[in-house]
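So that we are looking at the same thing, I have put the structure below in structure tokens.
Note that the chains take the letters A, B, C and D in the order they are written out, and that residue 1 is the start of every chain.
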């Protein structure tokens, strides 16, 4: 059972509108993704040590309500889709009162250190199996 | 004739992969947008002084090739769509060799200081006229 | 008894040297300061709601050892000096192995919303009393 | 003759006080330093390609007046002191009206890729000569 990630809004994340600057949500997605991977046993640094990189190829972020300092934002993270090459991760961020702040997705591929795109089913079958099993959208 | 915006990649924008961290492109979109609005005569601070805010409600960013330090990134910015409420701005970022780095869009609404969404045609007809005239997708 | 603050190093805080970019420590000082003020009962937002601002007028940061992703940095925070106008806060950051990463200080004044510098002993005697009592360097 | 560096304040650099967040000045110091090194012919990336790193070991930043969006900040940069091991760089930042915004210093050492501190007079005599010649404080 994956636990949601909690991000405490920082003062330096606000802008002159008095709310969190929208660029920070992209960073929170990364924080939540790192935590999600740790929970499923495939930590970022473990992947990197194996020579496996997973660059972001696409982000999509829909802002529903602004967040403020200080506030505790709760982020639910899941694997939306994974068929072996392209990994799509979904995110839902909620304000401390439980209302929706943001809905987002990030898309990743997997590469070796030279930047070659990997087909995970043959390159890393154990990662493939774990990620595919967690995918909400089944093949 | 709108001039493209130039962003010089900074050392602090890189990450441990040795390339620019993907979150910075969202900030470059803002830099380019601010410059675009200045060029068409509707500077951000002029709009804010009029009590007009234009929060980001959606960003979408597709990464095509990584950028590095030091590099000069050229950003072309345009109004993709505007019918009076929702403003969609398009961006195309190119590396110093001219190749494509990133394609992005941001979506905005216009609000007064209390956060009420404005219909620009009636609220600010001169801004409506200028933005609609520049929109690539005609009504 | 003040509890130390913990900061989890984020991937986006690293730079192309593979370590945390030095500018982030200034932000961690703020995170630790916010947490320290919360612990002593004078939360940032409570002060702001009272119309009391405390801008940073000086920072000084000595880097002893680099920190990396992922790593848990422990920050000890204290009031170094406070005589009623100028507040000096001290910070000591340690790596997950307990070794010293950074020694820092920030200096603040207190102002009202118009930016007038306040003498805290007369303006806010209860804050003056609490801060002075916690100061390591006695008058 | 070294030309001052110009930084255009960005919207995302502001905070909820309505002014530039103090942590950004540390980044502007880096921008100005990179530009200074380029002007004297020892570009950051040229040094890195030679296997020469120059980590920041100390920063000191005194804030004199706040800066706002939009504003053009002018940064004068110079070598304060260099005797072959420790390099001290000085910075003076001015607001668009010419008034003083910030006075700062950064201290650096030089290391090889393994992190060994270098004595520049013997390791890189040409860099030593150029930096020492530009130092305001003579040996």
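Operating definition for what follows: a contact is a pair of C-beta atoms (placed from the backbone, for glycine too) under 8 Å apart; a residue touches a chain by one contact, two chains touch by 3 or more.
Computed from a predicted structure; not experimentally measured.
**Student:** Which chain has its C-alpha centre farthest away from the C-alpha centre of chain A?
**Tutor:** Using the mean of the C-alpha atoms as each chain's centre, the farthest one from chain A is D.
**Student:** Give a one-word verdict, same or different, on whether chain A and chain B use largely identical residue numbers at their interface, taking over half shared as same.
**Tutor:** Chain A and chain B contact each other through largely matching residue numbers.
**Student:** Cα centroid separation between chain A and chain B, in whole Å?
**Tutor:** Centre separation, chain A to chain B: 24 Å.
**Student:** Chain B to chain D: how many Å between their CA centres?
**Tutor:** For chain B versus chain D, the centre distance works out to 30 Å.
**Student:** Would you kindly tell me how far, in whole Å, the mean C-alpha position of chain C lies from that of chain B?
**Tutor:** Each chain reduced to its C-alpha mean, chain B and chain C end up 35 Å apart.
**Student:** Mind pulling the chain D residues that touch 2 or more other chains?
**Tutor:** 11-12, 23, 27, 30, 69
**Student:** What topology does the chain touch graph have (line, ring, star, complete, other)?
**Tutor:** Graph shape, chains as nodes and touching pairs as edges: complete.
**Student:** Please output the residues of chain D touching chain A within their complex, sorted ascending.
**Tutor:** Checking each residue of chain D against chain A gives 11-12, 14-16, 18-19, 21, 23, 69.
**Student:** Name, in rising order, each residue of chain A that touches chain B in their complex.
**Tutor:** 17, 22-23, 26-27, 30, 53, 55-63, 66
**Student:** Under the definition above, what is the set of chain C residues touching chain A in their complex?
**Tutor:** Against chain A, chain C makes touches at 10-12, 27, 30-31, 34, 43-45, 69-70.
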